[in-house]
Amino acid sequence: MRELSFAEALNEALREEMRRDDSVIIFGEDVAKPGGVYKVTKGLLEEFGPERVRDTPISEAAIVGAAVGAALMGLRPVAEIMYMDFLTIGLDQLVTHAAKARFMSGGQVKLPMVVRCQYSLGRVHGSQHSQFFPSWFLQAPGLKVVLPGTPRDAKGLLKSAIRDDNPVLFVESGVLYHRMKGPVPEEEYLVPLGKADVKRRGDDVTVVAVSRTVREALAAAEKLEEEGVSVEVVDLMTIQPMDKEAIVESVKKTNRLVIADDSVKTGGISAEVAAMVVEEAFDYLDAPPVRVNSPTLPVPFSPPLEREYMVDSEKIADAVRRLVK
Amino acid sequence: MRELSFAEALNEALREEMRRDDSVIIFGEDVAKPGGVYKVTKGLLEEFGPERVRDTPISEAAIVGAAVGAALMGLRPVAEIMYMDFLTIGLDQLVTHAAKARFMSGGQVKLPMVVRCQYSLGRVHGSQHSQFFPSWFLQAPGLKVVLPGTPRDAKGLLKSAIRDDNPVLFVESGVLYHRMKGPVPEEEYLVPLGKADVKRRGDDVTVVAVSRTVREALAAAEKLEEEGVSVEVVDLMTIQPMDKEAIVESVKKTNRLVIADDSVKTGGISAEVAAMVVEEAFDYLDAPPVRVNSPTLPVPFSPPLEREYMVDSEKIADAVRRLVK
Amino acid sequence: MRLCMSIEVVGEVPVSSYGELGLGHDILVGMLRDMLLIRRFEERVERLFLEGKLIGPSHLYLGQEAVAVGVMRAIRRDDPVVSTYRGHGHALARGVPPRAVMAELFGKAAGTCKGVGGSMHVAMSVEHNIPMATAIVGSGIPIGAGIGLALKYRGEDRIAVVFFGDGAANTGAFAEGLNLAAAWKLPVLFICENNQYSEFTPIRSVFAGESIAARASAYGLKTFQAFGNDVITVYKTAKIASEHVRGGGGPAFIEFQTYRMKGHGVYDTAWYRPKEEVEEWMKREPISLFTSKLKQAGVIDDGKLREIEEEIKEIIDEAVEEAEKSPYLPFQELYNLVYVEG
Amino acid sequence: MRLCMSIEVVGEVPVSSYGELGLGHDILVGMLRDMLLIRRFEERVERLFLEGKLIGPSHLYLGQEAVAVGVMRAIRRDDPVVSTYRGHGHALARGVPPRAVMAELFGKAAGTCKGVGGSMHVAMSVEHNIPMATAIVGSGIPIGAGIGLALKYRGEDRIAVVFFGDGAANTGAFAEGLNLAAAWKLPVLFICENNQYSEFTPIRSVFAGESIAARASAYGLKTFQAFGNDVITVYKTAKIASEHVRGGGGPAFIEFQTYRMKGHGVYDTAWYRPKEEVEEWMKREPISLFTSKLKQAGVIDDGKLREIEEEIKEIIDEAVEEAEKSPYLPFQELYNLVYVEG
C-alpha cells in the first residue's frame, strides 16, 4: 500500500470531504494561501477557492465562535487552531457554546463542526506551545474528542469527524506530521468515531495508548516480544465518548493494564481510563493499572530535558516489565 | 463558637488580609461598590478605598492577566471571576501564563496571586452558569487549586492562599454562600494549603469529598451510622497539590473508597483520586473505588432535573451501602 | 493628525413622518401591542418570582421593549437572530408563543427548550429563527459572524442579527467578532442595547474611549446611533442599517440608548442608580412614549388600548396556567439531548 | 455625525535635530552599536539554526532593530518591559548579556531562563526588568496593564512598556487589556511593531478599520504613529509618549511601521511577500539608514564602524563558544522551578 505522511493523510481527508460536500469550509490562521504552518491545508485554497478556504485574523475566540455560528446554519466548518495551547482562548466557544448548544436548546440545534488543533510536544517549543490537555474535554459532554495515532486513522477519523453532526475536537500530534509515514488505502474509507482499535494482539499486558504514544507503545511491544512478553496495544482514537468495552475486554483477557499518554500524569487521560477499568473490571486485575505519563511539570524547552520529559517506548516497556515481574 | 455564613467567612478573610498587608488588592466585576453579586466583598471598598478594591469591565482575560502583571510586580492581587464558567475566557492567562511563568523563566519570577470564582450548581442557573471543572487544573502544574467545604475552612484557606507565593485558583460553591453557616473562630487562624482534613473518623468506608459534597458526605455518614456503618469523611480541600498521604492512610484503614464530587463523572476529580489510590494502595482495597458524580451531561435548568442531576447525601449513602453489602 | 470616522446618528422620528416609513395604522398598533405584551409578560414574570413560583436568575426586558420590537419589525422573519440571557423580549417580539416562553421559565417540557435551557436561553427557537441565546456576555458576537459567514457563503439574502448589551463592548469576543465580520464583509447587523449598566456597574465607569459606536467604527463597521426608547426611531434605524447589510455593504452596528426600568435581575432593586437618572429616563419610557404619540396621531384611543390589554392579559393568564400544570421532562430524556445520534 | 480622534504622527527626525533631542555623539554611536549587536547576533543565530546547531522555533528580530533600541533608550532602565517570542532584540537592547541570550537558545543552564524557556521566552530577565516574555500573541497586553496597576498603586514613577506585533491588534486580549489600562488610567506604554505581517498573512488582509492606531484611540489611549525603521524617530516618539504616561496622563500607544527582513521564523523563506515590497522596505532598512545618517552628520566613519563590528563579533563568538560547552540543567532541577516553596 502507498505510504503517506500524517500531514498528507489529513490533507487528503480534507480534500475528499470538500469535494464530496460543499457545506464543508475551512478557516484558521495561515491555512489558505500559506497552506497551513504545517502544510495540512496545502493546495486547498487553489482547489476550492477563497470562499471555502479562509485565512483568519489571530483571534481564536472568533475562529471557534464563527464555527459555532456556521454550524448552526448547517455548514460543516473545519476550524484550525494552530496550537492546542491557543485553544484556551477559544474555549468559552468550544466548551460553553459548542458542547452545550444542543442540550440547552432542548435538542433543537445541531452543530456539525470540527475544531482541529495540534500539540507540539516533541518539537522543542517550550512551555507555551507544547500543552496537551484533551482530558479536559472529558468534562465537556456534547463534544466528541478524537486523537489519531497513525496516518491511516488520521484520514479516516477526520472524514468521519467532518460527517458527524456533533462538534468534534480533533487533536493531532504535530511531531508526527512529517516524521511519521504509514500505509493509507487509495480507496475511500472511514474510521468510525467512538471506537478504539486493537493495534496489536497480545496476552500478557494491555497497553492503552493514544495519539503520539501509540507508536511508542507499538515499539515497546516489539521489544517486549523479544523478551517473551506478549503485549496487546489498544489505541483509544476517540476519548469521548470512550470505547469502554474494547478496553475492558482487553483487560479481562490480559489482566494487566498500562496506560500511556502525553498528558501530565495528574488528571490525564490515563486517570479516567484507570478509574474506569477499576470500576468495570476490578476482579480481573492482577495488579494496579500503571499510568505512563509526562511528569506533572510544564514542558521544558531544552532539547534533552524535553526528551527526558516525554513518554517513550522505553518508559512504556519498563512499566510493562515491572508489571509482569 | 460564633457561626458565620460561607460568604461572611470569606469576607472576613479578605478583610483581615487586606488589613495585614497593603499589597493585597482586589478586583473583579461588581466587587467594589456593589460588594460582589454574592456579597463576598461587601464593605471592602468602604474600608480600603477605590485603589484597593476595583470594579472591572466585563473582560475576564484582562482580569486574570492584570492579576498576573500585578503579581509579577510583587502585589498580591485577589481577582474575582464571577462564575467559574467565565474562567474559560481568562484561561490562557491562568493556565498558559500564571501557571507557567515561574517555570519557563527558570525560576526567576513568582506570582503571589489568587483567582477566586464560584460555581452555581444547585442554583438553577442552567448549562452555562453551573459548570464545575477544577479537575482541568490537575493538568496545570504551577497552580494550586483550593476548594473549601465549610465556612471555617473557607476563611482559613483563603488567608493561606493570599499569603502563598504561588498562583492559587480558589473555587467556591455559590450555593453554600448564604445557605451554609458554621462555626468560625474569632481569633486568627490559617488552614494550610495542600493538606486534606479528616472531617469525621470512621472505620468501614472512606468517603473522599470536596467543596459542596463535603456537607453531603457528612450527612450521609450520619445516616449510615444509624445503619451501623462507620464512615470516615476526608475533605480534600486542596486538589493540587493533592494530599495523597491523607487519602491513602484512610483507605489503608477502611479498605473501601467512595469519592464524591460535583464534576461530571468522566475526567472529574474523582478519576484522579481513584487512579491514585489504586496505584498507591491496590492491595488494601477490598472493592473497587466508587465514584459518585454528576452524570456526564451538561447541567439542566429545570429545578427538579437539576436536583436529580446533583450528588447528594442519599446518592453517597447508596454507594456506601452497596460497597459494604 | 485628526482621524475622522463617520457615525450616522438617526434622529427621533416625528409622528408626522410615520407615513413616509410605510407604517400603516395596523402596523403601528401591532407594534404597540407587541411592546405591551412584553411589558405585561415581564411584570407577571417578576411577580411569579417574588411569589416564589419561579426560581433561578431572570433578566427582565422592562424598559427596552422598543428595541426588540422595532428591530424585529425592521428585519425579516427569516433573518436569524442571536439573543442573550435578557431574551424574553426578543423571543416575544419575534413571535415565539408566550406559552412556550412561560413554560420554559417554569422548567417544563412544553418550553421552547423543554425546560432544559431556562430563562437565560428561552429565546432559542429554531422555528422562529433564533438558533442561539447565550448567557455569556459578548459570546454571541463571533457566533453571529459565523451565521453571517454561512449566509454569505450560500449566497442568501438573509442577514444575521445579533443582540447584546453595553457591557459586551468591553469583551474580547466583541473585538474579535467585529473584526472578523468586517474583515470578511459578512452580512451581520449588530445591535447594542446600551441600557447604561452592566449588572450593578455604570458602563461609563469601566469603559474607555468616546463611545461604543466609535469602537465599532474603528473595527471598520458601518455604524449608527439612535434613541432606543422610541420604537419608530429604532425601526427606522434598523431598517436603514439592515438594508446596508442586505445590500452587500458589509456588517453594520447600531448603538441604541435605552434604560432598564428595574434591576439587572429580578432580585436586584437597582439601589445603585441615582434617583434623578431613573426619573429622567422614566419620562421617556418606551410604552407611554409610543402610546402618547399614537394617541396624538389619532391611531389609537383608550378603548382600543383596553382591548389590547385584555387580550394580552388573557394570553398571559393562559400561559401561566398551562405552564403550571404541564409536566417536566423525564430525567432520562436528557441523555438524548447531548449528541445527535447516528 | 463625524467623530474625530486625534492621532499624533511624529515625522522623521532630520539629522540636524539630533542635538535638540540631547543626543550626543556617544549616545548616537551607542545606539548604532546596539542595533548592530542585534543584527549580527540574529545573523549568527540564523546560521546556527541552518547548521542544525540550534533547534526549535526562533523568531528573528532582523529589520526591526530600530524599534527595540529606540524605545529602550527612551525609557528608563527600571521601567518594566513585557516582551514576546520575538524577543532577542528586546533583550539585547535592554542590556541582557549576549552570552545569556545565546545560552538560552542552546537550552543551557547558563541561559536567562536556565534553558527552560528557550528562544520564545529568552527575554525574561528580572535583573533587567523584563519580567515577562510571552509566546501567546496579545497576551502581554493585559499583563502589562497589571504591571501598570502595581506601579500606580505603589505611587512609583516607573511605567510599564509592552511590545507586540500588528497581529496582536486583532486579539481579544488587545481589546480587553487596552480598555482596562485606559479605564483605570494606568501608566503603560504600548508599543506595536507593525511589521506588516502576522506569520505568513499580510495584516491588511485580516484587519478591518482605519488602522491599528485608530483602534487604540477608540479605546481611549493617547496614540502615536511613526516610522519604525529610523531609530531616532523611534526614540523621539517613545520619549514623548513615555513622558505623557509618566506624567500621569494615562496609557499611550505607539504604532511603528517597520518590516521583517526575513521570514516569520528561521525556516520561513517569506516567499509570500511581493518582491517589490521587500525591495522598497530594504531601501529603508534601519541599520544602513542610521549609518548613513551618522556618517552624514560626521558622527561616525568606516574606521569606527569596523571597530564596533569587531567588538561585536568577538562578543558573539564568545557567546556561542561558551553556550556550546556549558552544561544543561539536570532534569531533577525542574521540579524546583514549578512552585515557590515555603
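Per-chain residue numbering starts at 1, and chain names A, B, C and D are given in the order in which the chains are listed.
Here is the rule we use: a residue touches a chain if its C-beta (ideal position, glycine included) is under 8 Å from a C-beta of that chain, and two chains touch if they have at least 3 such contacts.
Bear in mind the structure is a predicted one, so any value in this text is a computation, not a measurement.
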Comparison of A-C and B-C by number of C-beta pairs in contact, larger one
A-C
Would you mind checking which chain's C-alpha centre is most distant from the centre of subunit A?
C
Distance from the CA centroid of subunit A to that of subunit B, rounded to the nearest Å?
30
Whole-Å gap between the CA centroids of subunit A and subunit C
41
Roughly how far is subunit B from subunit C, centre to centre by C-alpha average, rounded to an integer in Å?
37
When the C-alpha atoms of subunit C and subunit D are each averaged to a single point, how far apart are the two points in Å?
45
Which residues belonging to subunit A are in contact with no fewer than two other chains?
56-57, 59, 61-62, 85-86, 89, 92, 96, 103-104, 126-128, 141-142, 297-298, 300-301
Would you pick out the residues of subunit C that each touch at least 2 other chains?
113, 115-117, 121, 134, 136, 170-173, 175-176, 179, 183, 205-207, 329, 334, 338
List the residues on subunit B that touch subunit C in their complex, please.
29-30, 33-34, 37, 55-59, 61-62, 85-86, 89, 123-129, 295, 297-298, 300-305, 308-309
Residue ranges of subunit A touching subunit C (in the complex, touch as defined)
25, 51-52, 54, 56-57, 59, 61-62, 64-75, 77, 92-93, 96-97, 101-110, 141-142, 144, 165-166, 241
For the complex, which residues does subunit D have touching subunit C?
1-9, 170-176, 178-179, 181-183, 205-211, 213-215, 217-221, 225
Name, in rising order, each residue of subunit A that touches subunit B in their complex.
61, 85-86, 88-89, 91-92, 95-96, 99-100, 103-104, 126-128, 131, 133, 135-142, 240, 242, 263-264, 266-268, 270-272, 274-276, 278-279, 282, 287-291, 296-298, 300-301
List the residues on subunit C that touch subunit B in their complex, please.
55-57, 107-108, 113, 115-121, 134-138, 167-168, 170-173, 198-201, 205-207, 272, 328-329, 331, 334-335, 338
